[in-house]
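Next come two complexes, and both contain chain A; in the first it sits with chain B, in the second with chain C.
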Partner chain A sequence: MAKRELMSGNVAMAESAIRAGCNFFASYPITPQTTLLEYMSTRMFEVGREFIQAESEIGAINMVMGAAAAGGRAFTATAGMAVSLMMETLSYLCAAKLPSVVVNIQRTGAGAGGITSSQTDFHYATKSMGHGGLHAYVLSPGDVQEAADLVYDAFAFAEKYQCLVYILTDAMVAQVMEPVELKPMLENLPVREGSAQGSALGGTKRINTINRTDLRSLEGYRSFEAMYDTWQREEVRYEEYRMEDAEIVLVATGMSARIARGAIDTLRAEGVKAGMFRPITLYPFPTQQIRGFAQRGIKAVLDAEVAVPAQMIDDVDHALQGSLPLYKIDCTWNTVFTTEDIEKKLREVAQEV
Partner chain B sequence: MKAVYERNPLLMGSNKFCPGCGHPLLNKIIADVLAENNWAGDAITALCIGCALNMTPYVDWDLVQCPHGRAAAVATGIKHVQKSKLVFTYQGDGDAAGIGLTETFHAASRGEPFTQIMVNNQIYGMTGGQSSCTTLIGQKTTTSGPSGRDPAHTGYPTKLAEVIAMVDAAGYVARVSIHTPKHIRQAKKAIEKAFRLQMEENKYTFVEVLAMCPTNFHVEPWDAPAYTEEKVLPVFPLGEFKTPEGR
Partner chain C sequence: MEKTILIGGFGGQGVQTLGKLLAYTANEEEKRVTFAPAYGGEMRGGTSNCTVIISDSQIGSPTRQMLDIVVAMNVESFQKFEARVKPGGLLICNSSLVTQKTARTDITQLFLPANALAEEAGSDKTLNVVMLGFLSARGDLVGRSAAEAVVAEKLGKKEKFRAMNEKAFALGAAQAVAV
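Up next, the complex of A and B:
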């Protein structure tokens, strides 16, 4: 068994990207991502890979695009308002089917926002990757180990589907230190076929990332739709915690799920049949799984998230289609709910159903 | 019988540029440089958004389509992954000097070993003739107002080659024109030199090419060379602004 090391989510994600074969990283500093960038600045050179501190997030994501187009395994990490600077190119990456991995460590609120941990980019990450309505495969890690594993697997997933993988995490998961077991270093990975590497004269190998006539058409967009349907059928990921005979189910991701886990245990000890459902893929959202709650004897659902107005609740509501009563507990900025707040809310819900 | 002149096979079929446009002429110059130096199989172009998009079905080498203005950043990513390849951007003036100035400037500052080609036609051609930062004083565009560019309102034409020549890490910087056979020969030499310095000495190189846009100069195609000579050259002087140790 590989040895377990104590590391922050940021460092675990960075090291996992390297081990998964990431050979190009470009990024620009922003709290709470900076320790990831700093780690990469030395570690990428140690392993002989490419690192650039870009002039801006626009620069960084376009470097990622160039590296991906040229067959590289490209990666960037950012946060908050900087994601907005990247949005145009994230749309291009989806449209040109260039495999790449992006981490967004959410920080609070709109505009300059604040640097406290939050979940306010849920809609932004899941509803459309910039203009045009295409999607990334969006993942939400619950702890440092999972953050490491999801980033590691993201590279293979991006190659498999020729898509953008978007890790939507938060400052709590990124900054907390936990013991992690990292996956092995992959080496000598093949350069992707069909990437821009210079074509021999004659045209058969010529690569043109805009002239993807297969994609720039109704049929092309139907193929994107079909890929998202496949994800919905085959690539949905989630965790069920004490759900076996649960009657009240809390739905939460990332930092909210971390805070809520203890509340489930407390309520169970009090004799309330509480459980937690934690979506790991945010796009595709586990819609069918949540839609099935009523058939499983579940009586009520509580949505918990660090976003006001709450966002994920829209997807939970869409999944339930009114089949069960839906409650929420939310907060934002300097006020983050505690485990006790969630316990109290769960007791209230238990009394009502 | 020996062929005296043949069509460059790197140019495929006809093109959709306007009559008298500088772009297809420059495409041919680049294709000739690539073919003569056996670089075509190594070439990767970071292609801008602008009238240059008409190149995509026309030229036969690898192209990576970039968001408007971001070609220098995209080329940075390409070159770091394909270090031995000939990487060059092909951008309009609006693309490289306007919306993409930051990316252009910092690629030069880092000394990224690729070539930037900026096609300066003093106009936003693709979107139908709006003002560019390079538009001449008094030149009428669809957004300049009826009396043309007024320095009191929008300042003076951006001279990017001169700016990039001030950057320490830039290895070679030139401005050329393609409005007469003599100028075409000089332009070809400058582009070849820029590519060679990239390939052999890992230099960042920059070539600004003054190109004709008869459609938005509001002149007949055959009058565009005289327009360039009389109106454009006095504002945008030609020459090598930076060469490695005086070469």
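Up next, the complex of A and C:
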């Protein structure tokens, strides 16, 4: 194994984007994303690519749209309330099928909110990318290594499906430092097909990518629907941890899954058959996998998330269709549950089933 | 085998840097490690702490309620984190600022005059390097020579600073009883 480098999730995601071919980054600083932007501000120049610190998040995401339309491999990162400023253009990016990658490092609370880490943008990221009901491919990394890998793969995925890839993460990934092994730098990537500078239209003709006439129709929207069906069949990702003979399964993503992992080990040591199911794709959600729990001898499900009211639990509930008892442990604002809190809840659930 | 350590102090004491140096050292030794920062908006004077976990196997949460070692660089950290030392664990206090004895009988409290030793090394600012020397010389977290190499690589390259850090590290290490 190559020697692993100690780096934060922010730096690992930034460097991975560059290695995957990102040649345009526009962004505006906000805690806890700032160190990602800071890293890009020097590193993009080192590798001869475009970096712009925009005048606002609205400016940043519109620059991303312009760059993507022109064939760029465009990327931005933001957090908290600033995601709301981007929403109109995120909808446009989906509608225009412009490949692009966005990182959202969730912060707690509505309105001005706070700076502590949370998972309160789950519905916001998964149910509709802005107005109009289209979707991004939404991923939730579990640690720094996975954050690096998911951002790296995001660029190829965005091009394959001509879509927006949205990394929904939190400060427990973005700010925590861990040893990481990065994937290699991709060189000499081809000009993207269908882009305004590409060869698909003969090289000189410019296409209007904001209002794609081919997609502004029932058939166009059916094609989006078909793409999402394909994702549901072929592109769902998840991790199962100690699930082989599990009777109580905790469902959690990102920081919650990280906090819960130790609790699963503790409960196993106490003789309780506990396991964890961690959705990595939040859209498409692993609905079929969770629907199959009852057939696997699982007796109860515990949803854990840093959001009040809980959000992901709606998708878990939809997947289970009442087939198993569903419990929850949640928290928000400056209060984050501990591994011990989750252990206690798991013991309670074990008592009841 | 997993070791959890929390370092608390105020902004400007080098708490975050100390945590990172520990993490870099653990990575050099090819252990699993996480470094989780927590600090307020202020660069100097605000509260600051970080958690470092060093392990042979996959690490779950990078923050923990109970810790094997707590390093209290100031009085506020002593008050805030004393209760979070595991029974049988270690509370290391910077006795230049923290002189209070713990009321707990189930933990070991050690005192290290980090500011005084840092001044002896040439600058008050090296108190975090003093503490790293102390922690690594005990030998149960990271190795002393690996930590020394990380200090030389990551901190000031100018001869003046290099010598100062070397001295600070040695002064801290000399206070430690290897375990």
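Heads up, the rule we're going with is that the second predicted complex is superposed on the first by the 340 of 353 C-alpha atoms of A that agree within 3 Å, B and C clash if a C-alpha of one lies under 4 Å from a C-alpha of the other, contacts with A are read in each partner's own complex, and residues count from 1 in each chain.
Criterion: a contact is a pair of C-beta atoms (placed from the backbone, for glycine too) under 8 Å apart; a residue touches a chain by one contact, two chains touch by 3 or more.
On a predicted model such as this, the values are computed, not experimentally measured, just so you know.
Within the superposed three-chain model, A:276 lies out of touch with both chain B and chain C [touch as defined at top].
Once the two complexes are overlaid on the shared chain, A:23 sits against chain B while remaining clear of chain C. By the touch criterion stated above, A:258 is placed in contact with chain C alone, chain B being left untouched. In the overlay built on the shared chain, the residue A:62 is in contact with chain B alone; chain C does not reach it.
When the shared chain is aligned, chain C comes close enough to touch A:177, but chain B does not. Judged by the touch definition given at the top, the superposed model places A:4 against chain C, while chain B stays out of reach. In the superposition on chain A, contact is made by A:54 with chain B only, not with chain C. Set against each other, chain B and chain C differ in how many residues of chain A they touch, and the higher count belongs to B.
Common to the chain B and chain C interfaces on chain A is no residue.
Residues 9-10, 12, 40-44, 46-47, 53, 56-57, 60-67, 70, 73-82, 85-86, 102-103, 105-106, 110 of chain B are the ones that touch chain A when the two sit in their complex.
Residues 23-24, 26, 50, 52, 54-56, 58-60, 62-72, 74, 88-89, 92, 96, 196-203, 206-211 of chain A are the ones that touch chain B when the two sit in their complex. If you check the complex, the residues on chain C that touch chain A are 20, 23-24, 27, 30, 32-37, 58-66. Chain A meets chain C in the complex at residues 3-6, 172, 175-179, 258-263, 265, 338-340.
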